[in-house]
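The structure follows.
Chain naming follows the written order as A, B and C, and within any one chain the residues start at number 1.
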Amino acid sequence: MSEAGWETVIGLEIHAQLATRSKIFSGSATAYGAPPNEQADLVDLGYPGTLPVLNAEAVRMAVKFGLAIGATVAPTSVFARKNYFYPDLPKGYQISQYELPIVARGALEIVLDDGSRKRVGITRAHLEEDAGKSLHEGLGSLTGIDLNRAGTPLIEIVSEPDLRSAKEAVAYLKKVHTLVRYLEICDGNMQEGSFRCDANVSVRRRGTERLGTRAEIKNLNSFRFVEKAIHYEVDRQIDLLEGGGKVVQETRLYDPDKGETRSMRSKEEANDYRYFPDPDLLPVALSSALIEEVRKSLPELPDEKAARLSSQYGLSAYDAGVLSASRELADFYEAVVRGAPKDPKLAANWVMGELAAALNRDSLEISASRLTAAQLAGLLQRLLDATVSGKIAKEVFEGMWSSGRDADAIIEERGLKQITDSGAIERAIDAVMAANPGQLAEYRSGKDKLFGFFVGQVMKATQGKANPAQLNELLKRKLAP
Amino acid sequence: MSLHRRSLAQLAAGLRKKEFSSVELTRALIDRIEQAQPGLNAFITVTGVSALAEAAAADRELQAGRGGPLTGLPLAHKDIFCTEGVRTSCGSRMLDNFVAPYDATVVTKLKAAGTVMLGKTNMDEFAMGSSNETSYYGPVKNPWNPGLVPGGSSGGSAAAVAARLVPAATATDTGGSIRQPAALCGITGLKPTYGRVSRYGMIAFASSLDQGGVLTGSAHDAALLLGVIAGFDPRDSTSVEREVPDYVAALERPVRGLKIGLVKEFFEKGLEAETERRIRDALAHFTRLGATLTEVSLPNLALSVPAYYVVAPAECSSNLARFDGVRFGYRCREPRDLTDLYCRSRGEGFGAEVKRRIMTGTYVLSAGYYDAYYLKAQQVRRLITDDFARAFAQVDVLMGPTTPTPAFALGAKTSDPITMYLNDIYTIGANLAGLPALSIPCGFVEELPVGLQLIGPHFGEEVLLGAAHAYQRETDWHTRVPVTYE
Amino acid sequence: MKREQIESIAHLARLELKEAEVCAYQESLTKILDFVGELERANTQGVAPMAHPLAGLTQRLRPDNVTESDQHERYQVNAPRVEAGLYLVPKVIE
């Protein structure tokens, strides 16, 4: 929370692992979870005499991203060496891009809590290789280095310092997260480290133009941590400045257990990376033909999809936004609508309601849903044709979810068909009226509230299957004095 | 003629005619190598056992009527090429215990052609030097006079060929490391166009300057080998996709009408008088063969040495960062912490010249200095390349001395780095511009060989080899052997 | 060259600097830098820097295929210290 008088300025650097089969400069596999160093070949290990060769798919994915954020895709880009020593960096330099990145200025629009829209600039996005992993536990006074991850392609996305609050930062982060999954260039798995975020945070007195000294916060691997870390850091900086101190430009680690950021003492304050163009790689030339081919292969982007869902199915902007959070979810929704076209809003409510709740409860992604879109559509059809009431439909849904069977099968098996035979409902009403003479008398003498009691009793007697509308109408008539 | 004095072409003929077997040849040369080793120190590793096995396999191929032009021919590899299962030291303590797990592409190609590897030759540490005095394994001696240097960094390969321990050896050239030793040892050395030969498996010194080549007894032998090692390699992004011509056929190109350019700046002060005379004699010979001589100028030539000594150290400071004691190579004893591991492993593993160049390279790339040094050097590099291009618009080939003087004494230049660097003044330009260049023996000064350098336009190896061959057909400088090694 | 400069370069390059070496480096580096300082005299207005001798050539793209298999046992024969497949270094505190 920034106190009045202070403005927070945040820029995010996102590292997204590209979902290629092989690494960016070698033919090793990129699959997650292999035993240590079983996916590190001679090139990844930086063996003397080995040389990098560029993965075509990594380039296409970067171009895809650039086009999706409306950026200029550089017709020529250059790989540069970023030189520093660290055990997880086998060559003693990281192959990255410096002066001429593959993607230049672009932007993304985010929607804030109050519904307003904000444009967030993206300074650049470039290709680089990931480093390996250091393991500090269980090795006594030693650290173990696993280079399986070394050489995995990354796209580093640098935002302009346009974000003004932790909430904006998270909204932007989520937007990029959704986008890279839409484009199928990154699986966005933050726990596995395929989508990482560093936040550059500074504060300044409201009204000043100059940016304050910023701290870079690393190790933010969930949306929640990003928000918490930024809050902590902003408070820390404001307290520091108000107490007469100065903010030091440094790298800080977020500690999720303590909920605080800590200075990284072991890293050098000012690392001189001595960037220079990598002489083992030639400039990357992108023809306009290739760029056009990639442009044509772009899927419908999240914003476009949300707008279309809204206009095509009459959904609110909010609902359309929720349903377009992922391509899989949006595709699922549209398949449900195709199966039950009469009421897209009903379909939206069920996908965002019951289905989402069930997925959440069982920790499943939409792609692992226990119900197919066709099956859900089938249930909605039964609702729409009044075979079941809304309440019963929920029961049917649960039955479908646990068994994987169709709506009709569940309805049949459990005898959940709605009772729409007026005669049967009237008989049930008669029975209830006869069994509750006292309440009947009270109702007829003016206690209107007891109507609900009778509704409940009839529902109980019919195991909830009485058609609510018919029940209401018949009950009103019969209860009338 | 004894086996060790024959050329590759003659040995190939002999093997085919079954005058001798590859095993016999190999045995004879291994004996020579072992005898010469204490006095010459040309080898770091002699692979006697595997050589005999390879020779036996080659003999079987030849018996069965199979095999190609190089089957069964022995050679040595500069210890900068990774050879699977064999120590690859790069002349350094840092890799003294390093057994390469793979073959360099050059090695693979020569193996596939049926050659037999006799050993890994000595070299200046990490290819940094012009005298083979910086090797962890001690200096190499010049076969013509053991008190003198053989040149560097491919001193071991050059000494081995000059002493007829092997008919040919692979080598590398970053600032003259093939041509200069060829000149000082009286043999033929070829540095191909940048990108002609794969750098995969060739331990990197300066990536935009390094190129693999050969040291042999003649242009004919060089052509034979170039035909095998040249060609596109998908593992090397700087390898050029371009057809490999028949270099042996190109040897017969006539010299008549060849336009030779004499670089004015090659004949200025610094060139020793007698050396210049030998060069002029060679040029006169070419004129008699029907070539014409034209004076050309490379006005920025003087800047080639300073430019090189910015670019090469910069690239090497980065290329050598991988030597950190973590995954392979030398590690210091009982490192206290990570920084100590790095600093002492590298401090103890690298020799003085290597460290000096790493320090220089680190400095010129560092913040605040990049523009003044590295960027400036790369701009000068373009000026020099353009100078060459303008020259080649007028002439077919440039000729001049390879070195300013013949071989100098061991220890003579080691105290001052700059004096050593000035040795490279004629050769460095070709590396900066990526041009092919050749050195062939053209006479003697006080019984020490003198080398004539030929520089061609990009992918102009055929012109160079053809001119050299024509000269060698009519002269015999290239057949001379030091008395000790006859 | 000043002592602090030598020390900072040696640290960037992770080269142990013995007391005796500091002077030697100051001398040799100063000489070398003076020598290469000649470059300053060149007129390079508007000249594009040349990173590669292969003018006009561009980077080849490789198809996205997995071509390498697990060889870690063979490779780790060269490693100074390995345990459970991990390369070991003195503990790094983050």
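Worth a mention:
Assume contacts are C-beta pairs under 8 Å (C-beta built on N, C-alpha and C of every residue); 3 or more make two chains touch, one makes a residue touch a chain.
Note that the coordinates shown come from a computational prediction; the quantities given were computed from them, not determined experimentally.
Highest inter-chain contact count (C-beta pairs) belongs to B-C. Geometrically, the chain at the heart of the complex, using CA-atom means, is C. Each chain gets a centre from the mean of its Cα atoms; for subunit A and subunit B, those two points are 57 Å apart.
Computed centre separation for the pair subunit A/subunit C is 40 angstrom, with centres defined by C-alpha atoms. Rounded to whole angstrom units, the spacing between the C-alpha centres of subunit B and subunit C is 23.
In subunit B, the residues touching two or more other chains are 98, 101, 208, 234, 237-238, 317, 321, 324, 326-328, 338, 342, 362, 366. The multi-chain contact residues of subunit A, meaning those touching 2 or more other chains, are 42, 45, 47, 53-54, 85, 87, 145, 272, 274, 279, 281-282.
In subunit C, 12, 14, 51-52, 54, 57, 59-60, 62, 71, 75, 81, 87, 89-92 are the positions where the chain touches two or more neighbouring chains simultaneously. By the touch criterion given at the top, residues 20-22, 26-29, 34-42, 45, 47, 53-59, 76, 78, 85-87, 134-136, 139-147, 253, 264-267, 272, 274, 277, 279, 281-285 of subunit A touch subunit C in their complex.
Against subunit B, in their complex, subunit A makes its touches with residues 42, 45-54, 81, 83, 85, 87, 90-93, 145, 272, 274-276, 279-282. Residues 81-82, 88, 90, 95, 98, 100-102, 104, 199-204, 206-208, 234-238, 314-315, 317-318, 320-324, 326-328, 338, 342, 362, 365-367, 370, 374 of subunit B are the ones touching subunit A in the complex.
Subunit B contributes residues 97-99, 101, 194-195, 208, 234, 237-238, 240-241, 300, 302-303, 305-307, 309-310, 317, 321, 324-329, 331, 335-344, 346-348, 350, 355-356, 358-360, 362-364, 366, 372-373, 375-383, 385, 416-418, 421, 432-434 to its touches with subunit C in the complex. Partner subunit A is touched in their complex by these residues of subunit C: 12, 14, 51-52, 54, 57-68, 70-72, 75-76, 81, 83-94.
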